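Order of writing sets the chain letters: A, B, C and D. Residues in each chain are counted from 1.
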(Lines give C-alpha, C1' and ligand atoms only; values in the text may rest on other atoms or scores of the structure.)
Protein backbone atom coordinates (compact mmCIF):
# COMPACT_ATOMS: atom_id res chain seq x y z
CA UNK A 1 0.00 0.00 0.00
CA UNK A 2 1.57 3.21 -1.27
CA UNK A 3 -0.48 6.41 -1.37
CA UNK A 4 -0.27 10.15 -1.54
CA UNK A 5 -3.40 11.68 -0.03
CA UNK A 6 -4.84 15.14 0.49
CA UNK A 7 -6.80 14.42 3.67
CA UNK A 8 -6.28 12.82 7.08
CA UNK A 9 -4.17 9.66 7.03
CA UNK A 10 -6.03 6.61 8.37
CA UNK A 11 -3.29 4.71 10.23
CA UNK A 12 -5.67 1.90 11.06
CA UNK A 13 -5.78 1.18 7.33
CA UNK A 14 -1.98 0.94 7.13
CA UNK A 15 -1.84 -1.44 10.10
CA UNK A 16 -4.47 -3.67 8.52
CA UNK A 17 -2.68 -3.60 5.17
CA UNK A 18 0.56 -5.04 6.60
CA UNK A 19 -0.83 -7.43 9.23
CA UNK A 20 -1.23 -11.17 8.79
CA UNK A 21 -0.94 -14.38 10.82
CA UNK A 22 2.81 -14.27 10.17
CA UNK A 23 3.42 -10.71 11.36
CA UNK A 24 4.71 -11.22 14.89
CA UNK A 25 5.89 -7.61 14.91
CA UNK A 26 4.34 -4.48 13.42
CA UNK A 27 5.96 -1.04 13.72
CA UNK A 28 4.09 2.11 12.78
CA UNK A 29 5.84 5.45 12.42
CA UNK A 30 3.89 8.71 12.31
CA UNK A 31 5.48 12.03 11.42
CA UNK A 32 3.32 14.82 12.80
CA UNK A 33 3.34 18.60 12.54
CA UNK A 34 5.19 19.93 15.58
CA UNK A 35 4.36 23.36 16.98
CA UNK A 36 7.86 24.47 17.97
CA UNK A 37 11.21 24.21 16.19
CA UNK A 38 13.52 25.58 18.83
CA UNK A 39 11.88 28.89 19.71
CA UNK A 40 10.09 29.30 16.38
CA UNK A 41 6.39 28.59 16.32
CA UNK A 42 4.71 26.87 13.38
CA UNK A 43 1.10 27.63 12.41
CA UNK A 44 0.85 24.75 9.95
CA UNK A 45 2.89 22.94 7.28
CA UNK A 46 2.08 22.64 3.62
CA UNK A 47 3.46 19.82 1.50
CA UNK A 48 3.88 19.63 -2.27
CA UNK A 49 5.07 16.67 -4.31
CA UNK A 50 6.00 15.55 -7.82
CA UNK A 51 3.20 12.95 -7.80
CA UNK A 52 4.26 10.34 -10.38
CA UNK A 53 7.89 10.32 -9.25
CA UNK A 54 7.02 10.39 -5.52
CA UNK A 55 4.79 7.32 -5.94
CA UNK A 56 7.49 5.52 -7.97
CA UNK A 57 10.15 6.29 -5.38
CA UNK A 58 7.90 5.23 -2.48
CA UNK A 59 7.15 1.95 -4.24
CA UNK A 60 10.88 1.39 -4.92
CA UNK A 61 11.68 2.06 -1.24
CA UNK A 62 8.98 -0.35 -0.20
CA UNK A 63 10.41 -3.13 -2.35
CA UNK A 64 13.99 -2.40 -1.31
CA UNK A 65 13.07 -2.49 2.40
CA UNK A 66 11.18 -5.77 2.06
CA UNK A 67 14.23 -7.35 0.41
CA UNK A 68 16.90 -5.70 2.57
CA UNK A 69 15.27 -6.40 5.95
CA UNK A 70 13.35 -9.58 5.10
CA UNK A 71 9.99 -7.99 5.86
CA UNK A 72 6.51 -9.34 5.27
CA UNK A 73 5.04 -6.04 4.10
CA UNK A 74 5.37 -2.25 4.09
CA UNK A 75 2.72 0.46 3.73
CA UNK A 76 3.55 4.14 3.25
CA UNK A 77 1.19 7.09 2.96
CA UNK A 78 2.24 10.72 2.62
CA UNK A 79 -0.16 13.60 2.88
CA UNK A 80 0.15 16.76 0.77
CA UNK A 81 -1.44 20.18 1.15
CA UNK A 82 -2.04 21.77 4.55
CA UNK A 83 -1.18 19.66 7.61
CA UNK A 84 -2.21 21.27 10.88
CA UNK A 85 -0.46 21.03 14.26
CA UNK A 86 -0.53 17.50 15.66
CA UNK A 87 -1.74 16.02 12.39
CA UNK A 88 0.15 13.30 10.52
CA UNK A 89 2.05 14.14 7.33
CA UNK A 90 3.60 10.69 6.83
CA UNK A 91 2.76 7.19 8.09
CA UNK A 92 4.93 4.11 7.59
CA UNK A 93 3.84 0.63 8.71
CA UNK A 94 6.21 -2.33 8.60
CA UNK A 95 5.50 -5.97 9.43
CA UNK A 96 7.89 -8.86 9.97
CA UNK A 97 8.08 -12.17 11.78
CA UNK A 98 10.41 -10.72 14.43
CA UNK A 99 10.71 -7.29 15.96
CA UNK A 100 14.30 -6.27 15.21
CA UNK A 101 13.97 -5.94 11.41
CA UNK A 102 10.65 -4.11 11.82
CA UNK A 103 12.29 -1.36 13.92
CA UNK A 104 15.37 -1.16 11.69
CA UNK A 105 13.29 -0.97 8.54
CA UNK A 106 10.93 1.68 9.93
CA UNK A 107 13.91 3.82 10.85
CA UNK A 108 15.60 3.26 7.47
CA UNK A 109 12.42 3.97 5.51
CA UNK A 110 11.72 7.35 7.07
CA UNK A 111 15.41 8.34 6.82
CA UNK A 112 15.54 7.35 3.16
CA UNK A 113 12.16 8.83 2.30
CA UNK A 114 13.40 12.18 3.62
CA UNK A 115 16.44 11.98 1.35
CA UNK A 116 15.07 10.75 -1.98
CA UNK A 117 11.30 11.10 -2.36
CA UNK A 118 10.35 14.32 -4.21
CA UNK A 119 8.12 15.87 -1.57
CA UNK A 120 8.67 19.33 -0.11
CA UNK A 121 7.55 20.98 3.07
CA UNK A 122 6.72 24.64 3.51
CA UNK A 123 6.78 26.15 6.99
CA UNK A 124 4.01 28.64 7.70
CA UNK A 125 5.45 30.34 10.78
CA UNK A 126 3.39 32.04 13.45
CA UNK A 127 5.12 35.36 12.67
CA UNK A 128 3.46 35.31 9.23
CA UNK A 129 6.55 34.36 7.23
CA UNK A 130 6.70 31.25 5.04
CA UNK A 131 9.66 29.15 3.97
CA UNK A 132 10.20 26.19 1.67
CA UNK A 133 12.44 23.69 3.42
CA UNK A 134 15.38 22.63 1.24
CA UNK A 135 17.83 20.95 3.64
CA UNK A 136 21.64 21.20 3.72
CA UNK A 137 21.96 24.88 3.15
CA UNK A 138 23.33 27.52 5.50
CA UNK A 139 20.52 29.86 4.59
CA UNK A 140 17.60 27.49 4.97
CA UNK A 141 16.00 25.53 7.74
CA UNK A 142 17.22 21.97 7.96
CA UNK A 143 14.78 19.34 8.97
CA UNK A 144 15.69 17.29 11.97
CA UNK A 145 12.41 15.69 12.91
CA UNK B 1 -1.10 5.13 30.08
CA UNK B 2 -0.19 1.73 31.48
CA UNK B 3 -2.71 -1.10 31.35
CA UNK B 4 -3.12 -4.84 31.50
CA UNK B 5 -6.28 -5.85 29.68
CA UNK B 6 -8.21 -9.04 28.98
CA UNK B 7 -9.70 -8.04 25.64
CA UNK B 8 -8.59 -6.56 22.31
CA UNK B 9 -6.02 -3.78 22.58
CA UNK B 10 -7.24 -0.50 21.10
CA UNK B 11 -4.06 0.92 19.55
CA UNK B 12 -5.88 4.09 18.51
CA UNK B 13 -6.24 4.84 22.21
CA UNK B 14 -2.48 4.48 22.78
CA UNK B 15 -1.68 6.79 19.87
CA UNK B 16 -4.06 9.41 21.20
CA UNK B 17 -2.64 9.09 24.71
CA UNK B 18 0.90 9.99 23.61
CA UNK B 19 0.18 12.54 20.88
CA UNK B 20 0.34 16.30 21.31
CA UNK B 21 1.33 19.40 19.34
CA UNK B 22 4.93 18.71 20.35
CA UNK B 23 5.09 15.09 19.20
CA UNK B 24 6.77 15.36 15.82
CA UNK B 25 7.37 11.61 15.89
CA UNK B 26 5.22 8.77 17.19
CA UNK B 27 6.29 5.12 17.04
CA UNK B 28 3.85 2.31 17.75
CA UNK B 29 5.02 -1.27 18.26
CA UNK B 30 2.57 -4.16 18.15
CA UNK B 31 3.52 -7.69 19.18
CA UNK B 32 1.09 -10.11 17.55
CA UNK B 33 0.48 -13.85 17.78
CA UNK B 34 2.41 -15.47 14.94
CA UNK B 35 1.19 -18.72 13.44
CA UNK B 36 4.53 -20.39 12.79
CA UNK B 37 7.68 -20.66 14.89
CA UNK B 38 10.01 -22.39 12.46
CA UNK B 39 7.95 -25.41 11.41
CA UNK B 40 5.80 -25.52 14.53
CA UNK B 41 2.27 -24.22 14.25
CA UNK B 42 0.60 -22.23 17.02
CA UNK B 43 -3.16 -22.41 17.62
CA UNK B 44 -3.19 -19.50 20.07
CA UNK B 45 -1.17 -18.02 22.92
CA UNK B 46 -2.28 -17.58 26.49
CA UNK B 47 -0.67 -14.98 28.76
CA UNK B 48 -0.62 -14.84 32.54
CA UNK B 49 0.82 -12.09 34.74
CA UNK B 50 1.54 -11.12 38.32
CA UNK B 51 -0.78 -8.12 38.05
CA UNK B 52 0.42 -5.69 40.76
CA UNK B 53 4.09 -6.25 39.98
CA UNK B 54 3.61 -6.20 36.20
CA UNK B 55 1.87 -2.81 36.42
CA UNK B 56 4.59 -1.46 38.72
CA UNK B 57 7.34 -2.64 36.39
CA UNK B 58 5.60 -1.27 33.30
CA UNK B 59 5.20 2.11 35.01
CA UNK B 60 8.87 2.06 36.06
CA UNK B 61 9.93 1.26 32.47
CA UNK B 62 7.75 4.08 31.17
CA UNK B 63 9.39 6.59 33.49
CA UNK B 64 12.89 5.30 32.79
CA UNK B 65 12.37 5.49 29.02
CA UNK B 66 11.00 9.05 29.19
CA UNK B 67 14.09 10.14 31.15
CA UNK B 68 16.66 8.06 29.26
CA UNK B 69 15.52 9.00 25.74
CA UNK B 70 14.06 12.46 26.43
CA UNK B 71 10.57 11.41 25.32
CA UNK B 72 7.31 13.29 25.56
CA UNK B 73 5.22 10.28 26.55
CA UNK B 74 4.94 6.48 26.57
CA UNK B 75 1.88 4.22 26.64
CA UNK B 76 2.06 0.46 27.16
CA UNK B 77 -0.75 -2.06 27.19
CA UNK B 78 -0.32 -5.82 27.61
CA UNK B 79 -3.12 -8.29 27.08
CA UNK B 80 -3.53 -11.44 29.19
CA UNK B 81 -5.60 -14.58 28.62
CA UNK B 82 -6.10 -16.06 25.17
CA UNK B 83 -4.60 -14.14 22.23
CA UNK B 84 -5.56 -15.60 18.86
CA UNK B 85 -3.47 -15.66 15.68
CA UNK B 86 -2.84 -12.17 14.30
CA UNK B 87 -4.12 -10.49 17.46
CA UNK B 88 -2.01 -8.10 19.53
CA UNK B 89 -0.58 -9.19 22.88
CA UNK B 90 1.43 -6.04 23.56
CA UNK B 91 1.28 -2.47 22.26
CA UNK B 92 3.84 0.24 22.99
CA UNK B 93 3.45 3.84 21.80
CA UNK B 94 6.23 6.39 22.15
CA UNK B 95 6.19 10.09 21.29
CA UNK B 96 9.04 12.55 21.01
CA UNK B 97 9.94 15.78 19.27
CA UNK B 98 12.27 13.96 16.85
CA UNK B 99 12.17 10.51 15.32
CA UNK B 100 15.47 8.95 16.42
CA UNK B 101 14.71 8.70 20.17
CA UNK B 102 11.20 7.42 19.41
CA UNK B 103 12.57 4.43 17.47
CA UNK B 104 15.34 3.77 19.98
CA UNK B 105 12.96 3.94 22.92
CA UNK B 106 10.37 1.66 21.28
CA UNK B 107 13.06 -0.92 20.64
CA UNK B 108 14.47 -0.62 24.17
CA UNK B 109 11.02 -0.79 25.80
CA UNK B 110 9.96 -4.03 24.15
CA UNK B 111 13.40 -5.59 24.76
CA UNK B 112 13.34 -4.60 28.42
CA UNK B 113 9.68 -5.53 28.92
CA UNK B 114 10.51 -9.04 27.70
CA UNK B 115 13.30 -9.32 30.28
CA UNK B 116 11.81 -7.87 33.44
CA UNK B 117 8.01 -7.60 33.45
CA UNK B 118 6.39 -10.62 35.18
CA UNK B 119 4.21 -11.82 32.32
CA UNK B 120 4.36 -15.32 30.87
CA UNK B 121 3.31 -16.81 27.60
CA UNK B 122 1.94 -20.29 27.06
CA UNK B 123 2.11 -21.81 23.59
CA UNK B 124 -0.92 -23.83 22.57
CA UNK B 125 0.51 -25.77 19.65
CA UNK B 126 -1.52 -27.13 16.77
CA UNK B 127 -0.42 -30.67 17.68
CA UNK B 128 -2.38 -30.31 20.94
CA UNK B 129 0.61 -29.88 23.25
CA UNK B 130 1.04 -26.82 25.46
CA UNK B 131 4.17 -25.21 26.84
CA UNK B 132 4.95 -22.35 29.20
CA UNK B 133 7.72 -20.25 27.71
CA UNK B 134 10.57 -19.67 30.17
CA UNK B 135 13.48 -18.39 28.04
CA UNK B 136 17.17 -19.25 28.34
CA UNK B 137 16.81 -22.94 28.90
CA UNK B 138 18.02 -25.75 26.68
CA UNK B 139 14.79 -27.62 27.28
CA UNK B 140 12.32 -24.84 26.62
CA UNK B 141 11.32 -22.65 23.72
CA UNK B 142 13.10 -19.34 23.66
CA UNK B 143 11.22 -16.37 22.44
CA UNK B 144 12.74 -14.52 19.55
CA UNK B 145 9.88 -12.42 18.33
CA UNK C 1 5.06 -17.95 54.83
CA UNK C 2 3.15 -18.31 51.57
CA UNK C 3 4.93 -17.56 48.31
CA UNK C 4 3.12 -16.87 45.04
CA UNK C 5 3.74 -19.14 42.05
CA UNK C 6 3.18 -18.47 38.35
CA UNK C 7 3.18 -20.06 34.91
CA UNK C 8 5.38 -23.16 34.58
CA UNK C 9 6.13 -23.25 38.32
CA UNK C 10 2.47 -23.05 39.24
CA UNK C 11 1.65 -25.75 36.72
CA UNK C 12 4.46 -28.10 37.79
CA UNK C 13 3.88 -27.67 41.53
CA UNK C 14 0.12 -27.77 41.05
CA UNK C 15 -0.81 -24.76 43.15
CA UNK C 16 -0.71 -20.98 42.88
CA UNK C 17 0.93 -20.64 46.25
CA UNK C 18 3.23 -22.64 48.45
CA UNK C 19 3.94 -22.68 52.18
CA UNK C 20 7.63 -22.52 53.06
CA UNK C 21 9.74 -21.05 55.87
CA UNK C 22 11.63 -18.00 54.62
CA UNK C 23 12.11 -15.81 57.71
CA UNK C 24 15.79 -15.15 58.40
CA UNK C 25 16.95 -17.32 55.48
CA UNK C 26 18.56 -16.22 52.24
CA UNK C 27 16.96 -16.60 48.83
CA UNK C 28 19.63 -19.19 47.98
CA UNK C 29 18.70 -21.26 51.03
CA UNK C 30 14.99 -21.15 50.22
CA UNK C 31 15.66 -22.09 46.60
CA UNK C 32 17.77 -25.06 47.79
CA UNK C 33 14.86 -26.33 49.91
CA UNK C 34 12.45 -25.91 46.98
CA UNK C 35 14.78 -27.88 44.71
CA UNK C 36 14.86 -30.68 47.25
CA UNK C 37 11.09 -30.73 47.73
CA UNK C 38 10.30 -30.39 44.01
CA UNK C 39 13.17 -32.00 42.09
CA UNK C 40 11.10 -31.87 38.87
CA UNK C 41 11.41 -28.08 38.81
CA UNK C 42 14.98 -27.79 40.16
CA UNK C 43 16.22 -26.27 36.90
CA UNK C 44 13.32 -23.82 36.68
CA UNK C 45 13.67 -22.78 40.35
CA UNK C 46 17.40 -22.16 39.82
CA UNK C 47 16.58 -19.79 36.94
CA UNK C 48 13.76 -18.03 38.83
CA UNK C 49 14.00 -14.87 40.92
CA UNK C 50 12.26 -13.96 44.12
CA UNK C 51 10.32 -10.72 44.33
CA UNK C 52 9.64 -9.18 47.74
CA UNK C 53 7.05 -6.42 47.90
CA UNK C 54 6.99 -6.67 44.06
CA UNK C 55 10.68 -5.92 43.59
CA UNK C 56 13.28 -8.41 42.47
CA UNK C 57 15.85 -9.49 45.07
CA UNK C 58 19.15 -11.31 44.50
CA UNK C 59 20.11 -14.81 45.67
CA UNK C 60 22.08 -13.32 48.59
CA UNK C 61 19.05 -11.40 49.89
CA UNK C 62 17.97 -12.43 53.42
CA UNK C 63 14.24 -12.39 54.20
CA UNK C 64 13.02 -10.30 57.14
CA UNK C 65 11.11 -11.92 59.95
CA UNK C 66 7.85 -10.41 58.65
CA UNK C 67 8.41 -9.99 54.94
CA UNK C 68 6.08 -8.32 52.44
CA UNK C 69 4.34 -10.34 49.77
CA UNK C 70 6.78 -12.85 48.27
CA UNK C 71 6.62 -14.30 44.76
CA UNK C 72 8.81 -16.72 42.88
CA UNK C 73 9.14 -15.37 39.34
CA UNK C 74 10.16 -17.87 36.67
CA UNK C 75 11.89 -16.47 33.56
CA UNK C 76 9.43 -14.06 31.98
CA UNK C 77 8.11 -14.24 28.42
CA UNK C 78 5.72 -11.34 27.94
CA UNK C 79 5.58 -9.32 24.77
CA UNK D 1 12.21 21.58 -23.84
CA UNK D 2 10.03 22.26 -20.80
CA UNK D 3 11.33 21.25 -17.37
CA UNK D 4 9.12 20.91 -14.31
CA UNK D 5 9.80 23.07 -11.25
CA UNK D 6 8.77 22.54 -7.64
CA UNK D 7 8.66 24.15 -4.20
CA UNK D 8 11.30 26.86 -3.62
CA UNK D 9 12.43 26.78 -7.27
CA UNK D 10 8.88 27.16 -8.56
CA UNK D 11 8.25 30.01 -6.13
CA UNK D 12 11.50 31.86 -6.89
CA UNK D 13 11.24 31.48 -10.68
CA UNK D 14 7.51 32.17 -10.57
CA UNK D 15 6.31 29.35 -12.78
CA UNK D 16 5.78 25.61 -12.52
CA UNK D 17 7.69 24.95 -15.71
CA UNK D 18 10.48 26.53 -17.65
CA UNK D 19 11.56 26.42 -21.27
CA UNK D 20 15.26 25.68 -21.77
CA UNK D 21 17.38 23.89 -24.38
CA UNK D 22 18.63 20.57 -22.96
CA UNK D 23 19.06 18.31 -26.03
CA UNK D 24 22.63 17.09 -26.34
CA UNK D 25 23.82 19.07 -23.30
CA UNK D 26 24.89 17.73 -19.93
CA UNK D 27 23.05 18.39 -16.68
CA UNK D 28 26.00 20.54 -15.55
CA UNK D 29 25.72 22.70 -18.67
CA UNK D 30 21.97 23.19 -18.23
CA UNK D 31 22.43 24.05 -14.56
CA UNK D 32 25.08 26.63 -15.50
CA UNK D 33 22.66 28.33 -17.90
CA UNK D 34 19.92 28.32 -15.24
CA UNK D 35 22.29 29.91 -12.72
CA UNK D 36 23.08 32.65 -15.24
CA UNK D 37 19.43 33.29 -16.09
CA UNK D 38 18.23 33.12 -12.47
CA UNK D 39 21.11 34.26 -10.25
CA UNK D 40 18.73 34.52 -7.24
CA UNK D 41 18.42 30.70 -7.19
CA UNK D 42 22.01 29.85 -8.18
CA UNK D 43 22.65 28.17 -4.82
CA UNK D 44 19.40 26.21 -4.91
CA UNK D 45 19.95 25.10 -8.53
CA UNK D 46 23.46 23.89 -7.64
CA UNK D 47 22.00 21.73 -4.88
CA UNK D 48 19.13 20.41 -7.04
CA UNK D 49 19.07 17.23 -9.12
CA UNK D 50 17.54 16.59 -12.49
CA UNK D 51 15.14 13.70 -12.92
CA UNK D 52 14.58 12.24 -16.38
CA UNK D 53 11.61 9.95 -16.83
CA UNK D 54 11.19 10.24 -13.01
CA UNK D 55 14.65 8.91 -12.18
CA UNK D 56 17.50 10.97 -10.80
CA UNK D 57 20.46 11.58 -13.09
CA UNK D 58 23.93 12.87 -12.20
CA UNK D 59 25.54 16.16 -13.24
CA UNK D 60 27.52 14.36 -15.96
CA UNK D 61 24.38 12.91 -17.57
CA UNK D 62 23.84 14.08 -21.18
CA UNK D 63 20.24 14.63 -22.34
CA UNK D 64 19.01 12.74 -25.41
CA UNK D 65 17.66 14.62 -28.36
CA UNK D 66 14.11 13.65 -27.43
CA UNK D 67 14.20 13.17 -23.70
CA UNK D 68 11.40 11.92 -21.41
CA UNK D 69 9.74 14.23 -18.92
CA UNK D 70 12.40 16.31 -17.18
CA UNK D 71 12.11 17.82 -13.69
CA UNK D 72 14.47 19.87 -11.59
CA UNK D 73 14.23 18.53 -8.04
CA UNK D 74 15.37 20.87 -5.26
CA UNK D 75 16.53 19.24 -2.00
CA UNK D 76 13.56 17.27 -0.70
CA UNK D 77 11.96 17.68 2.72
CA UNK D 78 9.10 15.20 2.94
CA UNK D 79 8.33 13.23 6.08
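Just a few scattered comments:
Operating definition for what follows: a contact is a pair of C-beta atoms (placed from the backbone, for glycine too) under 8 Å apart; a residue touches a chain by one contact, two chains touch by 3 or more.
Source: prediction; values computed, not measured.
Note: the chain lying farthest from subunit A is C, by mean C-alpha position. One simple way to say how far apart two chains are is to compare their mean CA positions; for subunit B and subunit C this gives 25 Å.
Distance between chain centres (mean CA atoms), subunit C to subunit D: 71 Å. Separating the centre of subunit A from that of subunit C, both taken as means of CA atoms, is a distance of 48 Å. Touching of two or more other chains is recorded for residues 31, 110, 145 of subunit A. Residues of subunit D in contact with two or more other chains: none. Chain pairs that touch one another: A-B, A-D, B-C. Considering their complex, residues 11-12, 15, 19-36, 85-86, 97-100, 102-103, 106-107, 110, 144-145 of subunit A touch subunit B. On the subunit B side of its complex with subunit C, the touching residues are 31, 47-50, 52-54, 56, 78, 89-90, 110, 113-122, 132-137, 139-140, 143, 145. Residue ranges of subunit C in contact with subunit B, taken from their complex: 4, 6-8, 11, 43-44, 47, 51, 54, 56, 71, 73-79.
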